[in-house]
Structure formats: structure tokens, C-alpha cells
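The chains carry the letters A, B, C and D, assigned in the order they are written, with residues numbered from 1 in each.
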């Protein structure tokens, strides 16, 4: 169980780290300052400067071969293991724009994974290729308003077969990335047979984002922010017609696709969250040394030594657990890794939230202001506690796996 | 030690509660939707509709005699005790606009307290009267950039005596309420003698907000929000000249005034935070009953019964502690109440944060969106953990008081 | 809602506090050192010296009128309120022997309460009188081996009616106080009709402890201690015959009696636990001042200021909640107080456990040794987390009460 | 960084696990029941049956080659790595007697390590050989009464040079294992030059346990238990004379020896604590499945799924951290591993305490009784929070290492 940084990935980590710190970080600030400055007044339109920043940074990354690392165990990418990718993803987590620069950003990686694994040739040519090139972006269209997403039976957005087409009707919400004008393709889950067995009711589709009949009702806010231009959109589909061939894997197999998609995506979020915690600890230490009060360094006041030590101990433990989950994915596959992924999915965001919270406290008012990244990091990791399944659902999975060791019926659904 | 709701205050609580729920809550939503709609594009300008809402609601409150409750133990207000006020403040905490409607909003109450207690007649006529009438608003100008506010020795913003005037120079930050165009008066702490004893260096001034030489550098953001039109402004003072008679209480007595101001303000924040926690618990229960997953009510899934019970137990304890601190203020004065206020200042925001966090989790993605108040409540109570002194400083006060019981030197500064 | 110490009870609190500290504490140590020194080698036999210590201390207490405080709202005792009693019970919690010296010890107070409230005259004459005089002791015989006591349906110990008698058969466990040779009377719950409705199956009996057929199987250990001579006995009843008139209140009304008994008993445990936490905090402070390391007082090292402050804040909150529960009992009765008692039943032992744990940590190895009371306090308060209902059951009660506010069916049993 | 179970160690782990479960566990119960049954009445004397049990089990272990695993990276033992040993130690942690059966018990392993690493030939022949054979036992004599052991400057037990001898005077406390009649040798730290530099004042000695002048004052109790026959003794040394050649490594180098000894010992405790947590989780699950209340399995009630999941997540994280600390020891040495060992020294006992606490709660009263191991496990892991340095001292080390990354002076002693 080698969880260390391999010799192969070490230079990549170094290259990514220095590019993130030295090149992406300052431009990421500028990129975000541009939001809302588009002449149209539309916060979800990209300004020329934003496009230029993206083109420039992505160009540099490709040139240096720092691209598509997430494509593990594949001849198309580096063929990295998930463990190796973890070390890279952690670095990318430290600056908001970084993952996209290396074409390793959510939800595109998950969507590319779906197309790579379950897509047929024409789908790959039409959507996977430009995604792998970083030319377009994508969205994953699953969550519905007023439903508990973790309970599949409640997802009622309808796709009705009519001849060679399906007709889609209903609302979808929290469609992350759908705000971006470059978002061209949707991977969408719809109910094709409400009377079928719970896990056979749904079908996964792929469709162009500009298919007629799709309307943005509003951008959802996350703690008051609209995350423009990425966005988390509330969409309405009215008689949206798509060819029947746009079904992925087969009618009624939507959950099979969804499960295959979720494992890697969840763990990538965790890797980046660990990177954010690491950055927050660094900021905490730097502040603790630089700032003085009552004639002492901040670090030496009150419980600050304990706070720093606890942060270090929490980060190390979460990182190792994340690496172990990655290692189980690499060696035994996503299915076997499921309880491990559930574990880290609960652990990492909670841990990162606590560490960032303490970093904020050490920064006083500045910590929640625009002068530091901490405020955004704090609200962001908070969202991870329900994105891709709330903590309660993952804890339940972990407990069922545990009880299942002792009694065949121990883990029964109840 | 009567901590109960008195017969005298009960009808007031009822009147406030129903006005908050039925009348203020819907208009509060509309008020906040108006932000940014001023023709000038200035988020800190009030639209006609905003002014109308405020005028309307405040008019109704005054008409019903629901006004200036905070003025405890005074012939001018109701002469309520702080304990009685706590029950009212809790209700006002439940909706953002409510406190202002009853003229009980921060920082105005604290500033009025200063003018009432330490101001001379002309100051009262000029600023206290219109504040008590709710005609103007005020700001408290203390915090400075790049300093630990809790360490008085670091506050270096300078007021230099020149004949009959003082000349102010320096920067102040996090000046809450200074964004509001109705903000007309500042209570400001400045260093008048950097060589004096640590607690005699500073002087408190009162001045018109439009005194020449004051410039808004930028609005500070709180978790990405500018809290317009209230705002938390970063100000620069350049050769701002004010008459020497604008000194409050006397040169070098700034900290005496600041201490007198802080006690009540801190406890009012806590009372409102408890109201927010109570509201979050209500939302949690309502959601737990209304929403179903896996064929069961949400409340019956996972650890939700425990989560609800813990929230109830935490709220009750914090409320009782807050009431006790209020009771000590009422019976023994602000100085004696200091360690009790420090206790509740630590306890209430942390407790409210935890309860709101669980309410968010029970709401899933909606919990952090614009569809519920929870997101704003959560970030707001987080700010209370450093507003008016960070937790660490208050814990230190509590510990020193405790150790001081056992050894005269136990509580020495160190 | 007056939660303060009344003028009436203040001198009693002072008298109890000084007697506990000055007179009982040293003899309590001697009393416990005597355990195991009886010539018979029987740890559950009282030595002459133990009997002398008890006689002496109880004599002094009675002489000073410090006796039977627990008998609230009654002409026979002081007629104290439960709130007033709380202040006394807290002091008695600080030294193991203290409650008994004032005839306020568990399980006798609960048993006396049963006899006082539900007993008929001959029962009172035979058992209540000598209990009130402190001449005999008693036990409450409810828990059964291998059953979840909180689920009444599982209690199967049988009482079969035969003419004018009942014949008892079965095992009971954790019978606290049954080890003491002075224990003369049992209040016992038995199943008289297993086919009846769940809450009508059981009947409460009173019987002499030396009724033939009762056998002590073994003393149960609590973290390795047998708590001799008090003891927590595992008993077997074999054809134990008792007169039918020994039924309390009526056949099938056992749970009604049990409920009436539990409320006060639970809250008394909490009051004493708060006293123990208060004592632990005092020890923590004294140690923090007296002991030095690395040239500083222990109190000033690491996070100790925060630890002390947190202890103070937790204690104050729990005490106020306990007083509020007592006040609800006083003003609205035990039934209305039930959710409040459940709250404090969860809060107080957990809080005391945390405070004592920190006090232990501040004492290093000594903290767990025989040189301080802390080790025993820590294990003792741990037992309170399932005595009289485990935390989970009480949390459930609190949650059901909470949900019940919002929907008639919200609190349904599920 | 291979943290997995190697192929080499896997069969050893299996052999140890099955021997612990099937053979040692039942005899361990019998062994402990024998305590206090020696005809002399002395709880610290071993009965014939105890000696027989030990002889028998150790004989079987040696026969199977399950012996001295702790001797990592050495030609004399298996030459296991510390990572490999961790998997074995975890199994040994599950039953009290197990470590001794495999000659891997504290404090002997630490003492053997000292003799192996720093001892000269005659010392090895006289004491190390019989220790490696499991024929004698040893004690580590460092802690002194009324001192903060972590502050070396306070250790004042004196060794005065007189010609070819040293004369020892003073008291030592918490000398674990010194109760056992087979304990024949002491490794002892004494102050040889109180005026020297803080870390050069002390010298490490090795001496026979029966050297004249050593007196047992009393056995220290741990939560009321004397841990006989092992024991934690309070010793007095009066003019105890030992040859000068009994100095280990050299006068004034006592701390150098102590540091070398502590690293492995600390991590071994952690490994065993993780084994105990794992066992507690297993008990929790088995109980949760076997026991019913209110018509449901215990596991399905309240927050029990969450409790089980949290236990699993905590254990996995702590185990990985422990393995990483072991790996750093293996690859970079004890000095480099110090902050990692400090981390796990804080994490593992706290984690194990929480998991065992929940297991107790799931077992109700039985959980704290003699019917399950949980009570002893709980108090035992509690002692690990100050054994070999209290949490606060280890947190301080971790924080200093962390701050040291950012500023040379960041980690200064303060």
C-alpha cells in the first residue's frame, strides 16, 4: 500500500505547485475581479480579459505538458494512478482557477469520465474531444428542486420517448458550470419509466446545452454569491427534443452511469479540500508569526499552539485516509472503494472547514474580508458537505459496510 | 434572580413578535431585493422603495409604542430591565430589518448610550435627539487596519490638538453602518497622547459624518457580501478638523467611554443570535416534518432526533446564561457583569453557529441558497466571534476572573 | 422565574457547605479507607469505625437541623422548593459521604418519595418513618439482566398472584445500595400481567430486604470498583412470597409509580454532578496556580486559560438549566418538567465528565490516583449517562417534545 | 511510503491474532481472576496458577516463533520494520495479557531497547539476555512525586558520586511493573549535577531491583485499581549504593538515553490503543446487531449508525497516522520521527477513548461492569494521555515543528 509521492509524479507536483503559486494565483485574483465587468452587465458573460487569462494560462500548461492529469489509468493521459493524482489535485485546490488551467476541473472531469467510459464513438468525437482539449465546458444535470437527491425514487424529471426522440420536461437545479457561456454539453439524468424498479427508472442522456426549450430560471446563490461565471443554475426544460441515440449506455441504466461517475468526482473534491486546509494552516502560521499583540507573537497567545497542532494532526489524518481511498480505487476498483470514498467524503470537508475556521479566527476581521481567500474557502468547503451526497447518507453507507461484517442482514436497508 | 418574562414585558414581546413575523419579514425581503437598484447604480444609495419601507414600518412601530426598548433603566424609554429587553431583542434577531424598525439597531444603540451617558447638552440636542427619533443613523469608528484591536496600545490613529481644534489623520476600518447615506454622526476613538499610560492615550470624539477630509476607501466584504446599504467601510481621514469641544468626557478618557459602551452592545448581539438559533431550530423541525426521503420523514432519519435535541439543549443553556448576564448588569452594573458578558459573548455565537449549521445541513443545498435565510444567518453569527473582541480575548477574561478567586495574583496580566 | 438562592436557603447552604468541607470531607476519606477492614473480610460489612463515623456525622447534622432537605413542598421537611434544594444538593455532591449525612442520599430519597406519595399508612409506619430518621436504608429494584431497561416491554421478572400473596421469581441487577447491611427495604417492579398493554403490565411492590428466597449473586463492578459497602448487587429471587397488600398504588400501575419516582431522582443526580464539576474546576485552578513548569505557572501554559474558561462557561450553563428544570417541577409539576429533566439529564453528566477530565489532565498522573478525588468523580459521572435512562432515550424525549410543537404527529413514536 | 501489511508479516499477524483470540483471551481472564488469591494475601504476589498460565502461554509463543517482534531492524529478532510491527502490536493490544506472552510488553521493550542500544557487554549479559528470554521483568524509574516530569529541570532525585559508587537518594513514583515479583532490574534516571546545563544534569543508571535501600511506599492506584501484580509503585531510595560502572552511556547523558527510549515506546502504546479501539468497535457492532429495543435492533436506533461510522472513520485515520509515524521512524530515524510520534501520541489515545466510550454507551450498564473489557480499556487509554508526556507537551512539539517551517525563530522555546 504505497501512499507516497512516486518519483514519477514528484516533478509534476513541483511544476504544478510553482505554476499555481507564481503564475495562476495572481491572475486568478484578476480573473475574479473582472466578474461583472462585461459591457452587457451580465455577470455570466466572460470579459475579453477573462478569456485572455484563461487562454494564456491554459496555453502555458499544455505547453509544459501539465494537462488532463485526472485521466488515470489511461493511455490518453499520463496514466497516473489515483494516488499520484491526489498529490496534484491537492496543489490545484489551493487557488480557485487552478484546476481549470490544467483541465482538471469539476464537473468536466466527471463528465469526460462518463463519455470516455460509457460513450460511443460519435459522442466522443463530438463532445469528449473538445472537452479534453479544454475548448468547451460541460454540466452535470441531475438534482431537482424540492427533492432529496439521495433518494433516487424522488427524481421525477421526465423523458418521454416519441419515435426517434425523447422529449424532456421538468426543472433541474444546482447545475454547476451551466452559467459559463462556454458550457456546451449536458450529461442529464431523467426518469424514463416511473413504474420500473427504483434503480431502473432513470436514463442518462448527453445533449447540446443550446438545445431549444432550455431556459435559465435563475442562478442559485451560495452564501450570497452566484459564483459567476461558473454558476449553479436553476433550469427549466419545456418540450426539449433530443435524438434517441443520445442515451448513454442504455435506457434504464442511468444509475449505473451515475455511480460510475460519482466515485472519482467525490474523491477529487476531497483532495482539493485537503489542499485548501493545508493552505489555511500555512496562512495561520504566517499570521501567527507576523502579527503581535500584548507584546507577544499571536502564535504564542492563548490556545494558538494547540490550534496549530490540532490542524496539523487533522490534515495529516485526512490526507492519509484520502490516499488510502485512492489506493483502494486503484487496486480494487470504484465499487470496492465506495465505503472508503464515503469515509473521506465525510472527513475531508469537515476537517477543512474546521481548519479554515481557525485560520479565519486567527486573522480577525480580515479573515472574512476580500483581503484573504479564507472567506471563500470556508463557504466553499461547507457546500461539499451536501454536494454529491450529504454527510448523513455517507455515514449511513460506512455504518452499513461495518455492520455487514458481522451479520449478513446487519446492513439491511432500514 | 428572576430571569423570567415579566408581566410588563409579555405584551410587548407579543406585539414585537407578531409585527416581526407578519409585517416586517415580508418587507425585509423586499428591502433587500432593492439593493443595487438605485438609478445611480450605487449599492449604498437607498432607493425610494427602501426609504418608503423604512418610513412605513418605523411609523407603525412608533405609533404602537414599540420604540427604543434598549434604553433600559431610563425615564426616556420604557424603563425596561436588561433582562426584559433580552426577550424583545431575541424576537428582533429573527429578521434582518427588525431591530432598526424598533430603533434598537446596532451600532446606533451603543452610540446613543454613549451620548446619553457621557454627552453634554449640545451633543444630545444635535445628535442624540434625532437618533432617538430614528431620523439619522450613526457609526462607531474604532478599529484600525493591520492592528489587533483588542490590544489598545496598537491603536495609532492620531488626533493632534491645534488651538481650539483637533486634527485627525489615519485610517479606520470595519466601520459598520457608515455606508448608509443616513449615517450622520461618528463616535470616534483617536490617540491623543502616544506617550501616556496605555489606558490614557486615547480620546473619544463625536463628529459629523460629512466633516471634510473623510474619504471612503472601499466597502469591506463579509464572506463576499458588502452588506449594503449598511456597509462596513474602510475610511481615510486626512487633516480632518473638528472643534475641541467635540471631546466626550475628556481627553485621555477614551477607554473609559469605550468600556461603558461595549457591555450592553455585546449582550444585545448575543440576544439576537439566540433569536436566530431559535428560528433555525424551528426551520429544522419544520423541514424535518415536511420533507420525506426513503419513505420516512427527514426528522426520523439518521441522527436527526439527536441533532434536534442537542440544538434545543444548547439554545436553552445559552439563553439562560444570557439572561443571567443581563441580570447581573441590571443588579450590579456593567463592570461587575464583565466576566458574565465575556462568557455569553463566547457562548452565544458559537452555539448559534452550530445550530444554524445543522439547520443548513437538514435543508441540503437549499440551506445555503437565497431561498432561505440560513446562509446569511450562518455567516452573520460567524462575524460575531470577533466583533467586539475575539473569543480568545473573552475566554482570557473569564479565566482571569476564575483564577482571581484563588490567588490575588492569579489573574495577573501575562 | 426566580432561579436565585433565596434568603431562606442561603444560611442552610452555608451550614451545609462548611460542614461538608470541614467535617465530612476528612471523615469521608477515613470511612472509605475502612472498606475491606471488617474482621469477616467481607467488604460489604460495616466496621465499627464506619458505623461510628456515620452515627457521629448524622447526629451532628440532625442536631443542627440539616436533615431531609429533599422533602420539597412538604410539611414534614423544610418545605423547600426544588430550586432551593438544588443549591444544597450541589454542595452535597462535592464529597461522597455528604448526601447520606444529611439523609439526602440516593436511592433512599426516591424510595421515600414513593412511600410518601403512593404508600398507605402501614407502609409509611413500617418503612418510611425509619428511612426519614436515617435508621435504615433501601434499594430500588428495577433493572433486569440482558434487557434494555428503557424498553419497559422487556422487563419480565415475574410476580404471580397466589391467594393473598405474590410469588416473585427472576433476576434483578444493578441494585444500588443493596450491598449495605443496613438496607432493609426494597421497592420492586415486577411483571404481573405479560399480556396486558405495555404500560399496564407491571406492578410496584414494597418488601423487606430479608424476605426469604432473595440471594445476592454477585456485586457488580463499576470500572473495577464494587462501591462497597453501598454496592450494586446482582440478585436472584426464587419463590419469594410477599403479602398482596404490599402492592403500591395498585396492580398494573407500576409504571405510573416509576415515572413519579424518576423525575426528582434524575434531577438530584444532576445537581450533585454540577457540584462535582464545580469542585473539579476549583481543583484545576488551585493546581494551575500552585504548580510550575518551564518557569511558568501551569495555568499560563498551553491552552489552560481557555480550558478554565470553557469549564466555567459549561458549568454556569448547566447549572442554570438544572435550576430551570427544578423551577418547572416546582411550578408546573413533574410531568410538565419531563422534557426539561431529560435535557439536564443529558447535559449535566456530559458537562461534568468534560470538566473533571480536564481537571485530571491538569493534575497529570496524580489526577487518576488515590491522592485526589478526581478519578472516582470521573468514573462516577460516567455512570450517570445511563443510570435512570441512557442519553439516547432522553435526547429522543427532548426531540419529540420539540417536533410536537410543529405537528400533532411530529412526535409520534417511531 | 508502503504502509500496508507486507507478505512477510501477514502470516505472523494471523498467527498472533488467532493465538490472542483463541488461547490468550480466556486465560487472561483466569489470570486476572487469580489476583489477590495468593496465600499471603499479597495482591502483588503471583499465584502458582498465574505462573503456570504465563509459563504455558509464553512457551507456546516461543515454540511457534512468535517472540520479540518489537526488536525491529535487528539481526536478533525478526528484523521487522516498525510498520510491520504495528500490525502485530495492534493485535496484542486487544487482550491485556497478550503483549507479555509474546515478550513485547511495556516497559520491558523500552528497557531492552536501552540496553541493546546503549548498554555495554556485561550489562547485556546480565540483564538484556534474561529479558529477551522473558525470564525476568524490568522497570523504568524516572517520574518523581510533585514534579512536572515533562520539565526535566524539576527532576531532583539525586545520585552522588562517592569513589567507585553512586549513592542514590529520593523518591520515584508511578514505577510501572515494579510490583511484579519477577521485576529484577531498573533503568533509572537521576540528577548527578544540578548545576549543569538543563539537559546535562541527569544520568541514566541500570541496577538490580533488590539493591538494598529501596522501599516500596505504596502502590499507586489508577482509577481505583492497583493493576496488580504489575503495579505502579511509589518507591523511596535511601542511600542506595550502586557501582559507578552501572552508568549507561556516560554521566550527564541521561536525557540522550531517555529520548532514544521514548520514541518507540510511545508509538507501541498507540498501536495497541488502536487495537483496543478496533475491538471496541467490533463489540459495538455485535451488540448493535444482537440487542433489540422498541422492536428494532439497537444499531438502528437513534444516532447509532452515525456513531458506528464515526468510529470507523476515526480508527482508520489514526491507524494510518500511526503507520506513517512508524514509516518515518523506519526510514529517517527516531529524531526525524519525533513530531510524527507526538502527533500520534495525542491522536490515538483520544480517539480510542472516544470509540470505547461509545461502545460503553451502547452496552449500557454492562459496559462499565466486569462482564466486558470495556471499563478497563476506557480507564487504560485515559492514562495514555499523560504517560510518556501529556497531550499539551506533545501538541506544543507539533506546533513548534509547524511554525518552524515558516521562521527560524518560529519554534523558539517560549
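Everything that follows uses one rule, which is that a contact is a pair of C-beta atoms (placed from the backbone, for glycine too) under 8 Å apart; a residue touches a chain by one contact, two chains touch by 3 or more.
Just so it is clear, the structure is predicted and the values come from calculations on it, not from any experiment.
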Identify, among C-D, A-C or A-D, the interface equivalent of A-B, where equivalent means over half of the contact pairs coincide by residue number.
-> C-D
Which of B-C and B-D has more C-beta contact pairs = B-C
Would you mind pulling out the distance in Å between where the CA atoms of chain C average out and where those of chain D do?
-> 37
Taking each chain's centre as the mean position of its Cα atoms, how many Å separate chain B from chain C?
-> 44
Here the gap between chain B and chain D, centre to centre from mean Cα coordinates and rounded to Å, is 53
Set of chain A residues in contact with two or more other chains = 302-306, 392, 395-396
Contact footprint of chain B on chain A as seen in their complex | 143, 148-151, 154, 173-174, 220-225, 291-294, 298, 301-304, 360-361, 364-365, 367-370, 375-376, 378-379, 382-383, 385-387, 390-392, 395-396, 413
For the chain A and chain C complex, residues of the former touching the latter = 302-303, 305-306
Residues of chain B touching chain C in their complex?
-> 1-5, 281-282, 285-286, 288-289, 299-300, 304-306, 308-310, 312-313, 316-318, 320-321, 324, 343, 346-347, 392, 394-400, 402-403, 405-407, 410, 414
